[in-house]
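Dumping the structure here so I can ask a few things about it.
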Amino acid sequence: MVAILKPGVTDAQIESLVRWFCAKGVETHVSKGKYQTIIGLIGDTSKIDTDLLEGLDIIESAKRVTEPFKSANRKFHPEDSTVKVCEGVAFGGGAFSIIAGPCSVESSEQIISVAEGVKAGGADALRGGAFKPRTSPYDFQGLRGEGIELLLQAKEKTGLPIVTEIMDAQHLELFENVDVIQVGARNMQNFELLKELGKTDKPILLKRGLANTLKELLMSAEYIMAGGNEKVILCERGIRTFETYTRNTLDLAAVPMLKELSHLPVVVDPSHATGRARLVGPMALAACAAGADGIMIEVHNDPENALCDGAQSLTPSQFADLCAQIRKVREAIAE
Amino acid sequence: MVAILKPGVTDAQIESLVRWFCAKGVETHVSKGKYQTIIGLIGDTSKIDTDLLEGLDIIESAKRVTEPFKSANRKFHPEDSTVKVCEGVAFGGGAFSIIAGPCSVESSEQIISVAEGVKAGGADALRGGAFKPRTSPYDFQGLRGEGIELLLQAKEKTGLPIVTEIMDAQHLELFENVDVIQVGARNMQNFELLKELGKTDKPILLKRGLANTLKELLMSAEYIMAGGNEKVILCERGIRTFETYTRNTLDLAAVPMLKELSHLPVVVDPSHATGRARLVGPMALAACAAGADGIMIEVHNDPENALCDGAQSLTPSQFADLCAQIRKVREAIAE
Amino acid sequence: MVAILKPGVTDAQIESLVRWFCAKGVETHVSKGKYQTIIGLIGDTSKIDTDLLEGLDIIESAKRVTEPFKSANRKFHPEDSTVKVCEGVAFGGGAFSIIAGPCSVESSEQIISVAEGVKAGGADALRGGAFKPRTSPYDFQGLRGEGIELLLQAKEKTGLPIVTEIMDAQHLELFENVDVIQVGARNMQNFELLKELGKTDKPILLKRGLANTLKELLMSAEYIMAGGNEKVILCERGIRTFETYTRNTLDLAAVPMLKELSHLPVVVDPSHATGRARLVGPMALAACAAGADGIMIEVHNDPENALCDGAQSLTPSQFADLCAQIRKVREAIAE
Amino acid sequence: MVAILKPGVTDAQIESLVRWFCAKGVETHVSKGKYQTIIGLIGDTSKIDTDLLEGLDIIESAKRVTEPFKSANRKFHPEDSTVKVCEGVAFGGGAFSIIAGPCSVESSEQIISVAEGVKAGGADALRGGAFKPRTSPYDFQGLRGEGIELLLQAKEKTGLPIVTEIMDAQHLELFENVDVIQVGARNMQNFELLKELGKTDKPILLKRGLANTLKELLMSAEYIMAGGNEKVILCERGIRTFETYTRNTLDLAAVPMLKELSHLPVVVDPSHATGRARLVGPMALAACAAGADGIMIEVHNDPENALCDGAQSLTPSQFADLCAQIRKVREAIAE
């Protein structure tokens, strides 16, 4: 960590600052420049709050030289990590998988028919919401435990591993047979939940929060990894901006940026990000071209129902066509 | 709810749409205009997803005519609500209170000395973090249960009611003697937690999330109220924008806007919003002038420690001066 | 335009509102629903300010049914437009071109060497800044008129058409031999400049402002087209958000969204958006996969100078490799 | 300026970097720390682009130690500046003034009646739009030159100095008798216009752009001051965020923050920021409590016209009441 002092700071102030750092158990390396003084901090600086430092009248700025994330950091783990979900389905380190399914699990018929549809189309895993985070308490909250049961039926029927969202650590045992546990954008900084997930050995699909920086996303991954579970899959799903034509702004530069900072696989969810089916295809292809390790796509259950064309979900046949294009783009960027 | 159809929609499409609405159990009122058709929906439209509707190719736009929040809505509850914390301490309906205390509870001496300091300065309630949401798993996570014990000691010593943050529903019993339970910005949409708090009868200080709209804040209040607990205090604490000189952007227009939309009291936290002690005073006064029902201010424990001047916390004496100014501004805007 | 009235509005209020609309010269179509009234406005509603309407106490909301942009609107011009720059160089309607060059024109040797380098690499047009919008008045402001002269020399040497930015209508005559006039992000709503450009017959590369919506971008294109110049090329170059790892957030969903709303070609500038050379390649490929009609890439002049690796510019050889990959991705998404 | 090198940088790399700095004419002060190296740059570093430096592979980060704004900087000009408009009307250094008037100048009767209304209510200066920046080319663009004539008539009638917006340097001579020239948010970074205004001796009211940081606002002020015109009044008028209930988000922390960074006066415009008349009063009072040197308020011309209640403009009588409250709040925060 480096603290850059303001010009004109007195020696007395510097000494009192150095004493304070020592009290915190960190070594200091003071460099008095011609026109200003810089203090390098060596040792475990995790107890030093940069916000507090920058608030001090005598400090111009303070910055951590090593990112605060360790387990997720590519510097300490240069090779890409591969998160294996089951035989033949993995993310990262060259492995690419497609997750598809409906927004919510509604019934046995529905989830099984969608599961069969997406499997035929080229999906590697089935997604479906059992616990649904809804802005309104009056909106459908999902089938919860029963929804997970239905997903497991679909898994048995199709052999597709399942991905579904958890909203509270108290529900963990219900996820015993779930293959990938998803942490939604709203819970990206639900630290108590992240700690509990760190104690499991299941792959965790961690979605970026609507107003969270890439650094914060990596710090949340760190919460899970610090607990011993290194199977974290990062997911870009759009951030909140002033633009209103699209529901959120999909930040695709996050894909190469995250892969530069971290060895963890990065998946992209174009369905929630855009909120419009017509944009899902182009954004899914763009995500592949940007180097994503996987794509998560919403596919709905009644292709007949013209009503839903245009909504954020694709029909199974639109999904199958997209999978074919995805393969082509992946080949184009290969080597 | 009103659905405005795109020009050129066929009768067949309209009929199929109407049938779909009926299937959802809502009555329709079709008005075919000269140049376009509008469908009014009557009945319980909570099951209709406006995002889905707007995604439909034949729909220009869809909007709820009545806001989706009911219990928090001023329309159905014209009078200001007053949330009473204890004898002599309340928020809203003319009642104004000041909450003050340190960011974290560190020790018995610390919290008691700050409690006595802020009480002397003019605080009505004591705040202090026992469970601390930290971006990094390596940062101090708070004294947790023990921290609450220390707050209760300070309460006994000074008589100040205490306000402290909860991070997980599993910790609820630890909050039995806490006077106001705070939900932090990161948990504003932790819906499972909100539901549990709805079952308690404690005042809840609900902080706005960093990327949440006022409508979402009110919907989260609705989660608590729908459970039966109407004692919700809304808190504006800054949103995340591109500006970097201040930690967050304090949205003071939220105060009159929330009070127009809702009958719930609104408190402002200028300390976290700005992250700079020199801005806390001006923003606290501005919040009062804007009509806030309370202010929450961070006051730290070692006034002697020059190191902390400039940080986001005020010293007890700076706090006392601010309380005097707050009283003056409140008088100026009275009548 | 449709005005949705609030519940409980009296007939007298409705009549006064209708009279007011008539005074503005628009016909009204009142539809009194069971629970609320909707007024459809027919005729030239461009004089009606929706912000004013929404401010009225009796109005729930007001929205334009037809987008306010006409010339740029795909509804009235279903075919893609092709903007031809010169023989063999065009954007849109299937035509795809790559613009490349240095951030600033510095000298004759520099611009000619870069021009030859990018031409060899696969560029269709040369970009270079002569007038430089700089945040600081103390920063290099560009060679201005002389810079344009140097670009014209490079054009003569290589045959590449040139693209360069204008900052003030008073400089227009200096652009007489420029092939494409660029309007920078900061001037996207410099309406007096847009009006002047509407009187020219030159292709205009219109960059999206840092905080502008897609609708505003199309309205600015409309300013140029309303003046008679239909040769507008839209350019997505990133918007400003809270994320700090990348200089801006490249909004690639803008590509398919703009193409759905408008018939104008859309170009993407990944260099300014990301500010990091290592992200330029992935984002350029992603833009192609998303359907962009062209890419604009910064290429610098001293490949030897190790100092600049990592900056936002690519070296000529990195650029040549990228052009090859771009061709592959374009083939992959063809048909 | 300070450049912090990445760990593990070789001496050869450091030497080449130092040579490069020398070539740019800046002295270097290399401090090799135990674990990393920091290079201090002395001399005129304005030619060094920090973005370029931070892009270098060997550089961890680079930051200017002295802000890039000089003339506007409080460090070099500790006293508040007072910008005098005319006898009895000034901003800053204790002087506080209220600017009021209609959004657009429409007719002689209108502007004179509003001018008399706001003068009676307590305004110190009259505002009115002659040149109107409109998102749509089809919207009313203002009376332009004729509008300025009408403002001058109102000035003669009432003695109020006038404030009106300029959109292009070519119109400057029309502003000869205007007292304060306003630069709108959309032109905050129209650098060619700022340079021209720097050659005048008129007070300039510089509005913050919708996506501009406080630093960028000060740099734009610097453009004007560098030209010799030090009479700059900064204006906070809201920034663009995801919140939709208010038109923009008024950033009141900008007031104390700007006054800490600069000696220039700061004015607040709550009308455009909120877009709702009911919020204008509370936000105007909040701005005063935050320490603003002036307020700019929209007042419309037909108090009888019930239609406009609720719009962003106040009626003359609402304005008069607000002026009385403003005086009270200013007294409350005095001393």
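A, B, C and D label the chains in the order they appear, each numbered from 1.
The definition used in the following text is that a contact is a pair of C-beta atoms (placed from the backbone, for glycine too) under 8 Å apart; a residue touches a chain by one contact, two chains touch by 3 or more.
In this text the structure is predicted, and so the values were computed from the model without any measurement.
Enquirer: Give the label of the chain whose average Cα location is farthest from that of chain B.
Expert: Of all chains, C has its centre farthest from that of chain B.
Enquirer: Working from the CA atoms, figure out how many degrees chain B turns to land on chain C, in steps of 5.
Expert: In short, 180 degrees.
Enquirer: With chain centres defined as C-alpha means, what is the inter-centre distance between chain A and chain D in Å?
Expert: 39
Enquirer: On a C-alpha centroid basis, what's the spacing between chain A and chain C, in Å?
Expert: Computed from C-alpha means, the inter-chain centre distance equals 31 Å.
Enquirer: Centre to centre, by mean C-alpha position, how many angstrom separate chain C and chain D?
Expert: Between these chains, centre-to-centre, one finds 26 Å.
Enquirer: Mark out which residues of chain C touch at least two other chains, giving numbers and ranges.
Expert: 211, 239-242, 244, 276 - these are the residues of chain C that touch more than one other chain.
Enquirer: How about chain A: which of its residues touch chain B in the complex?
Expert: Per the touch definition, chain A meets chain B at residues 13, 16-17, 20, 46-47, 49, 51-52, 55-57, 68-69, 133-140, 167-170, 186-187, 189-193, 195, 209-211, 216, 219, 222-223, 226, 239-240, 247, 275-277, 306-312.
Enquirer: Please name which positions on chain B make contact with chain D in the complex.
Expert: By the definition above, chain B touches chain D via 211, 213-215, 239, 241-246, 249-257, 260-261, 273-274, 276, 278-279, 282-283, 285-291, 325, 328-329, 331-333.
Enquirer: Mind pulling up the chain A residues that touch chain D in the complex?
Expert: Against chain D, the touching part of chain A is residues 2, 4, 7, 29, 31, 33-36, 38, 40, 42, 60-61, 63, 65-66, 240-242, 244.
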